[in-house]
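Can you keep this structure in mind? I'll have questions shortly.
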Amino acid sequence: MTVHLPHDQDPQYPIAPWRRRIHDIIFEADTRAGRTFDLVLLVSILASVAVLLIESVQAVQVKHFRTFYLLEWTFTLLFTLEFVFRLFAVRKPWRYVRSFYGVVDLLAILPTYISLLLPGAQGLAVVRILRMLRVFRILKLSAYLAESSELWQAMIASRRKITIFLFTVSTIVVIVGALMHLVEGPASGFTDIPTSVYWAVVTLTTVGYGDVAPITPLGRFLAVLVMLLGYGVIAVPTGIVTSELTRTAREPVTNTACPDCGAEGHRPDALFCRKCAAKLDS
Amino acid sequence: MTVHLPHDQDPQYPIAPWRRRIHDIIFEADTRAGRTFDLVLLVSILASVAVLLIESVQAVQVKHFRTFYLLEWTFTLLFTLEFVFRLFAVRKPWRYVRSFYGVVDLLAILPTYISLLLPGAQGLAVVRILRMLRVFRILKLSAYLAESSELWQAMIASRRKITIFLFTVSTIVVIVGALMHLVEGPASGFTDIPTSVYWAVVTLTTVGYGDVAPITPLGRFLAVLVMLLGYGVIAVPTGIVTSELTRTAREPVTNTACPDCGAEGHRPDALFCRKCAAKLDS
Amino acid sequence: MTVHLPHDQDPQYPIAPWRRRIHDIIFEADTRAGRTFDLVLLVSILASVAVLLIESVQAVQVKHFRTFYLLEWTFTLLFTLEFVFRLFAVRKPWRYVRSFYGVVDLLAILPTYISLLLPGAQGLAVVRILRMLRVFRILKLSAYLAESSELWQAMIASRRKITIFLFTVSTIVVIVGALMHLVEGPASGFTDIPTSVYWAVVTLTTVGYGDVAPITPLGRFLAVLVMLLGYGVIAVPTGIVTSELTRTAREPVTNTACPDCGAEGHRPDALFCRKCAAKLDS
Amino acid sequence: MTVHLPHDQDPQYPIAPWRRRIHDIIFEADTRAGRTFDLVLLVSILASVAVLLIESVQAVQVKHFRTFYLLEWTFTLLFTLEFVFRLFAVRKPWRYVRSFYGVVDLLAILPTYISLLLPGAQGLAVVRILRMLRVFRILKLSAYLAESSELWQAMIASRRKITIFLFTVSTIVVIVGALMHLVEGPASGFTDIPTSVYWAVVTLTTVGYGDVAPITPLGRFLAVLVMLLGYGVIAVPTGIVTSELTRTAREPVTNTACPDCGAEGHRPDALFCRKCAAKLDS
């Protein structure tokens, strides 16, 4: 067969009906059970992330240690069960494990198990926060797919302009940083060029913490120039993304296909196919 | 009758002429009296909100307690009178009370009366600030309606893209927050993950208070990456809204077709077809 | 005569050739002398503003008092001379004095003369900074006129949307401010509702000084919501202005006028006038 | 000859084949050797800039002085070698030295040699950071050229609007600065007008360090107005750049006319006229 099918629908690998049913519930959102599963999963993910966040507060952890310990294991066992079902539901489990969401699913549960063997591995606990990424799998199944891909396409289409933009910004902040280090010196916090570059980024992106700020008149004058430059600079990525979004949204073509050659993308007032000159159906 | 009428114009419920007159003054802006009423109401609302704001300043309240007490009761009695007139003017008062603006109207006056029974209910006083929402009812009656609905439509049309965007931003700030908590630690204010997430939002939205700010080289390097990311991220909602506004704004032609030659795309004020000079149907 | 002429070209008021020549130099930018005058004036204005700025620095004023005193009087006499010449050059001097730029011209020189009579009037000195506005008169004469009016038109066209936007932002900051005053209290700087509203504006506009910042978990959570809201909110004015600028820039119509009725604004492919059906010249 | 050729391809100056080969590797990106050279150069530039940044940290320089001394000389000798090869490869070396990138190439190596003669010239060391600019020469050779020129064109096209915008912003910040100096005074950091103008720029650009911030009620009220103004003002450059980018991007049709019926506006891949089905000239 030349037609390419997703591996779990490939007729070369027959699959038992109950495994197909699990597959439909877990991986699709067409059935009622599938949508319920998605909703339960979404709530579980958000709740487990909330638990991770609150748990990290020293005062809370000391007081409610047992509660959070139990909650964490509940979520881990739940996600482990889900992971096992996913392995069952797909035709090629190994391929799934190596996929992006397979790795994320594993990273969501492994750290808790490892913490049994290596207690006190605080760094590993943070890895569990990657669970948050699992939210996007649910969005991908839903009506948000089209919108999401439109945003994504606008990003892809403008990646070269954004690369040039980032190179330009990097050059500006490095040169400005070196200059400010020379002008301001360590007295006002510009202790070295990396710190000054950090200040330049904080200023150009209009974040402006104020932890490093110029105090000499010349330094402040330069800072004013950098801020006015930042005005123009912040306009560029917005301009790029907006122009791409407007472009993809403009739809200057119809979705009529030529009855003879099947070419698509004709302009709305076209009478004849621009590829084979056949008369188009209005 | 098949024609749907607003309940207060429904001929099934005859209404006395003087009640109709009150209705026209209070709910419409077509007559001179109606416009005067709107202006007086607008000024009263803004003045009463200003009083609430100034009253909350400790020094002022101590010194001018009696003045503000009198002012507050003046506004409350004024708005109560208006509320009673509104109840009189509509055919179905109960339906009005349960409507959005009915609830807002009640919340604007109730707290002052309750404060007689329960003195010192500071929290309730804040509820009165919702009076501010009553301004929009006046705007709704005016020439701003069309513009307002255009803005609103652009928002509605882009709500899915904005949902995806908010999910993406949430994921970024949670993961970045967890990472920064690990890298920076409590010394520079990143005491727990919620605080670090708060910092990530402050940074990504380019607010940049500076109450929490990285001090280690690695932390600052990560912060620079977050800020540059914020550059791209801030471009997305702007791009979405702009693209929607441009889309809704781009209707310089009607969809009237020429009765003779069928040409389309005439400008709204066209009387004759620009292709064959035939008279257009309005 | 029905044709309206600018008052200084009105043949009813004959004007001496030397006054016309002064008029051309001062008010127009067509001749070489006119352009030279504009350049000299531009440099004088910027220099006099720079002097005002530097003069306000305590240390400098103490040390170089005489120099700045002399400089200020030089500029004042120069601008007075220019003002007198302007009065000579126009047909109706009194009308010029009451015009916007006439008032600005007077405000640029009067404070210095008044300071002779009322020494130590520091507040009046600040009025002289309005000289800066005189720069725009020079820009108006130049090639920047078209661009300037395009920007201005985009602003005018979107003034209603911006009014609604400002009302919405005001409502948000007042309600958010009242809520934060309740949640945070005076401990973290939210001493009263006006201060909390000030914080809300500082946050929503992404300025973020950090002089007032939430410290309680609930306050920070609310602040995060306000910042994410600010994301969407900052997109709106940008969207409005961009969409207007794109609209005015799009030029969907030609500037051909109908030979019969003089109607303008025909679409590029129009063959017949859309108002009177006359054949258009291509 | 009327055809204008780049000086190094001009047949009037015959060039030895080995010099042409060096030229192709260094100045072009068509051959495999040329692309390898570009990549090596890109990595060297970024590495040498990173070394300059890290070297400026006091603690690092004290500890690893010898390492950084060696690294700096390695990069300098490498870039000197490259410079010599460039001189060899072009027909008119002197013209190259005086070009923008020739000067940048010299500034990238000269400071290190001068530091041998004038030890301790810290200021000169900063000049070496201009090496960063050499990155853009590599980008210019690559596929990013078209995108880069599109961005550049949008900037050029909007330079007049941006000039007017900058004049307007300057006027606003000067007047606002003078006013705030009067209202706030030295107590809250508004010591003189230049400092107040610095504050106005920090606020209007939404940077918001917080090193200077209003504390009086009137000052805060004015600050709120400036921030809301900043909302509108930040929209303008974004609007300008976006509108220009959308304009340059909006060419989905060619300007080929149909040889039979003269219809225009065909899509770039059209082979036949969409109006009369005649074959189009490519």
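Here the chain labels run A, B, C and D in written order, and each chain numbers its own residues starting at 1.
In this text, a residue touches a chain if its C-beta (ideal position, glycine included) is under 8 Å from a C-beta of that chain, and two chains touch if they have at least 3 such contacts.
All figures in this text were calculated on a predicted structure; none of them were measured in a lab.
Among the pairs B-D and B-C, the greater number of C-beta contacts is found at B-C. Interface repeat of A-D: among B-D, A-B or A-C, the matching pair is A-B, sharing over half of the residue-numbered contact pairs.
Taking each chain's centre as the mean of its C-alpha atoms, chain B lies 29 Å from chain C. Taking each chain's centre as the average of its CA atoms, chain B and chain D sit 41 Å apart. Of all residues in chain C, those touching 2 or more other chains are 194, 197, 206-210, 234, 238, 240, 242, 246, listed in ascending order. Contact residues of chain C toward chain D in the complex are 49, 52-54, 56-58, 122-123, 126, 129-130, 132-133, 135-136, 139, 143-144, 147-148, 150-151, 154, 162, 166, 169, 194-195, 197-198, 201-202, 205-211, 234, 237-238, 240-242, 244-246, 249.
Listed in rising order, the residues of chain B touching chain D in the complex are 206-210, 238, 242. Contact residues of chain C toward chain B in the complex are 160-161, 163-165, 167, 170-171, 174-175, 178-179, 181-182, 191-194, 197, 203, 206-210, 213, 215, 217, 220, 223-224, 227-228, 230-232, 234-236, 238-240, 242-243, 246-247, 252-253, 265-267, 269-277, 279.
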